[in-house]
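Paired with chain B in one complex and with chain C in the other, chain A is shared by the two complexes that follow.
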Partner chain A sequence: MKLRVWWALARGVLLESLRRKDLWVVAILGMIIMAASGALGFFGVEGLQTFAKDLGVTVLGLFSTVIAILTTSRLLPDEIKNRTLYPLLARPISRFDLLAGKLMGAILATWLAFVILLALTSVALLMFGVRFEVIMVQYALLKMVGLGVLCAVTLTLSAFMTPSAAATLSFVVAFGSSMIVRGLTMAYETSSPAMQWFFKFINSILPQFGLFDIGPRVANENWAPVPLWVVGGLLAYGVAYAGGMLLLAWSKFRSQAV
Partner chain B sequence: MQAIVTEDLHVRYRAKNGQNVHAVQGLSFEVNPGEIVGFLGPNGAGKSSTLKCLMGFVQPSAGSCSVFGLAAGSLEAKRRIGYLPEVALYYPYLTPLETLTLYGELQGLRGSRLKRAATDLLEQVGLGQAMNKLNRSLSKGMLQRVGIAQSLLGDPEVLVLDEMTSGLDPIGRKELRELLKARQAQGTTLFFSSHELSEVEMLCDRILLIHQGKLIEERPIQALKDELRQFEITYQGAVSLVDLALEWNELGDNTYRARFSDKQNLLKALDRVQREGRAVVDVVAQEGSLEEFFVETIGRAA
Partner chain C sequence: MKTAPIAIGLLAGSGLFASALRSEVEVPKHHAGLNAHETHASATLLGQFRTSVSSWLWLRTDLYLHNGVEMRQLTEAERKRGIAGVGNGEHGQDALHDDSSIVTVVPSKERDFRGVFGDIERATKAYMRMEGHSHNDPKSALPLFRLMTWIDPQFIPGWTTGATVLGRERSDAALDMGIELLKEGLEHNPNSPSILSELGRFYASKKRDFAKALPYLRRAADLPVRADQLDEVEADGLLSAYRWLCLSYRELGRSGDMYRAAQRGLGLFPDDPLLLRCAADTPYIFTEKGQREWIEQSISESEDHEHHGHDHDHGHEHHDHDHDHDHDHGHKH
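Now for the complex of A and B:
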């Protein structure tokens, strides 16, 4: 029963995203990348496969992150602003189901954009003569899990703050969390025990987006695929983190006056 | 079992400027099954807050509200209510049919039953030709019709409508009135807020008037109409009706006019004029204005 509710809500989000042409912007960007890479290949630029792969995963990471944040950050606030939240909440569904369905829709829309972009980038890379490798599938899978986590973080932030603030903070978390974690790691050794405890706490609550991004491994030649247990572990971490975020959003939204 | 009950309902908000707003203050009323009740009050009187409490969008600060004995906002209560929010902008990139399909699925409707219900309702509200156009291309009135259609999904036993005629043209209002009357004939209870007093007059069995979050009047509409109705007679010849009439004056040419607030005094006056052998020129019944009643009652309460 709940899955049907979630799917109905998710389908609405997906359909709106498709018709709003957000995803087409991604497709056009992908085509530009493909055309540019194809042009390099046409003019006989050799030995740039590594550069092309690096560029491909960077562009994929960047645009899919932008899509994930922009799609998710306005979902809940738009429902309130347009008063469409009321007919939804007037149905016999819980507020948790509403959040879960909306999150599911945002994740699916983001994944669809990512897959379109990935397909176009793959074509461009093939034109460059880049060989297909198993690690590329692992990259795509882990990236999609990471995007799901990012959607959950953004939805949660949008339950606590304005859409623009939620989007800004999501960008900071998405692009800055790795840097913050690196900084904390460096400062850890020279800090007092209390500060070390505090750093550990910050590290544990920050989403570890860096773990989901094996783009550098894909870009560099001769890297072995990631062991399956690691992929499984990351998948479990991603699901748990997104679930935790959803619960946090629900704790704010469950009794919020709307 | 009453369709809607509120008991000593209080709703407090913290406004954006940090101040506490006491939107509803000890509101108690009941709505009987099958009744149409208009919920009136000036802007900021607490109407929408009360309706939101009934739907569980807002938690009461104190007191309670229930629907058929079920706690307002519970899933069981929501299964029995249809709700129309005030001026909603339905998903711009969905069509009315897709919008109703979405809401219908959340209501628990499935497959061909859902499709038939959505299509029938859109036709009933006059969107048969527009059901496959995107909502963003619809006018405000048409979006309101989408809202009305979604509120009727699943044949709810109680309809809670917030400013239901907003954006509708006179034809749309008439059609909506007929639709709601037909629903009432099937046993549906209607509870709605409105600033359109003519709609209230035509549709309601009873009105509740609130001001500053408190109930200040509760009256069956027929009794109110009877109370507000006035009669006027014009006659020739000097017969004094000053003891019976609200107003009595000479128009000139030995012609007089008298105004009465109740029928008994009118009949006595007619009898007196005729016994004196004077000619009654005209008798007019004037329906009272609900607007005047509204303004006066609010003025007294303020």
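Now for the complex of A and C:
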């Protein structure tokens, strides 16, 4: 593995993101969070902790998903469009390295944005008197793994289609996969055996983004932290799924004329 | 020849023509509990947004009652297969709503084909087995009722249900707070039968002050409306107002007025068994406690029956978490 190469590429993505002032988007979204919490505070309602936590994890999930998709979907197409891909490929790096480095950079940029938003949300929650709980650390960790998987899915889609189409489809998958899974589980019992196999197949290939979101447990009272085997399992699943997506993107990109 | 003015004129003309066609192509909208939103002046700009926010808050209250466990109605196919809802362990006046036809959104292990994915989801989501479950104290949702009525003062169920939750605590202070909330709601919605009816019910049922209940109930009955012009929530409110009006007159020994109120109510709700009974009983004057309990029980049963019919619709018409179970005497069928 060429970790140094990947890191160099990832650093490039991160610096490019800073240069393009993507973090301004994060700042604006953060200001929305603070303004919303300020508005709630203005109402002066006691006992809104559960609601504040619920709102916090919902907004955090929404904004970080938007940032992950918008950051990742244009990475490859921009390199091709701006013709900056040629000098990169002239160096002794493979196309797989390029994809892996880009993905690593996208994940780091998304995580940076997520951590900033998380910090702002935490401040807002502290203002509402929300106490710190261990499950919140698990929430942040699992959310970051889920965002990594989302970056991998978006990067792969951008290898197959235009940035706009990749972003749109990524949004559909990110926000719709849980709904699709829910529909499959509801329809499974009343379906024919053949259809049940089809449902199992669809369920296995769909990215299970919903599993990485333990927001409902964080928002409501007295939920125990997630067992460690589950955290480990999700980490393994996330790495495997992102690896699979990377291979899929490479299978397209390695033979693509640029 | 200048083309810009012609183009603008053409655009404006086509726009006017299209506006004239609007009523022909748009389907008339009629949402239960939403009429006030659509007709109020503020709805022109922010109404839809406020309605969406208040609806979202409304659904959150249901979620918080179940401590974050998402519930859903059984599908028609599931009902046909004989799958039962989770039910709850609350009975009588402690019951918050009917859970006999709902199940958890995250399926139980025995009904989940996903194997380890299902196990992980049950471990990461707010999931627990909900058979015979209880609810969180609805008081925890009180701030949300306050918030939704601030954001959207025309959201009637926010006022009425919020007041009812306050009224569950039977102290005078809590009842007074409920009444104050309803009066504030009445300022924003002076023609709402539901709020007037609730005010009357608070005085009649909880404070046993029938004389104070009368003005509100009469005002509801005197509103120039027809039952079929009202949405489901307000029609229920109007019917409830007539029922409590009859009871209050009866309690005050004004059987003639009770008879007339029942007759007027039957003009709007001709099939209502309680109003029919009130009209038929007159001029019999109630003096015995048992007779009084009969009519109060009838009100409880009628309202319970109606509201259980559309519990968990997850819309505005699903408006009573505990509204109709909360009668002082606790008679249940």
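To be clear about the criterion, the second predicted complex is superposed on the first by the 247 of 258 C-alpha atoms of A that agree within 3 Å, B and C clash if a C-alpha of one lies under 4 Å from a C-alpha of the other, contacts with A are read in each partner's own complex, and residues count from 1 in each chain.
One rule holds in what follows: a residue touches a chain if its C-beta (ideal position, glycine included) is under 8 Å from a C-beta of that chain, and two chains touch if they have at least 3 such contacts.
Every value quoted in this text rests on a predicted model; they were computed, and no experiment measured them.
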Pick one for A:F96: touches chain B only (first), chain C only (second), both, or neither.
-> neither
Which partner does A:R217 reach: the first (chain B), the second (chain C), both, or neither?
-> second
The answer to whether chain B or chain C touches more of chain A is C
Which superposed partner A:L15 touches (first chain B, second chain C, both, neither) = first
Examine A:F171 and indicate which partner it touches, taking first as chain B and second as chain C; both and neither are also allowed.
-> neither
Please work out whether A:V226 is in contact with chain B alone, chain C alone, both, or neither, and reply first, second, both or neither.
-> second
Partner chain(s) touched by A:L88 [first = chain B, second = chain C, both, neither] = first
Overlap the chain B and chain C contact sets on chain A and report the shared residues.
-> none
Interfacial residue positions of chain B with respect to chain A in the complex | 13, 52, 55-59, 75-76, 78-79, 81-83, 85-94, 98, 102-103, 105-108, 134, 147, 150-151
Contact footprint of chain C on chain A as seen in their complex | 40, 43, 45-48, 50-51, 54, 142, 181-182, 185-186, 188-190, 196, 199-200, 203, 208, 210-214, 216-217, 219-223, 226-227, 230, 233-234
Chain A touches which residues of chain C in the complex?
-> 60, 64, 67-68, 70, 75, 77-78, 81, 105, 107, 111-114, 116-118, 120-121, 123-126, 136, 140, 142-144, 146-147, 150
Within their complex, chain A touches chain B through residues 4-5, 8-9, 11-12, 15-16, 19-20, 82-84, 86-94, 255, 257-258
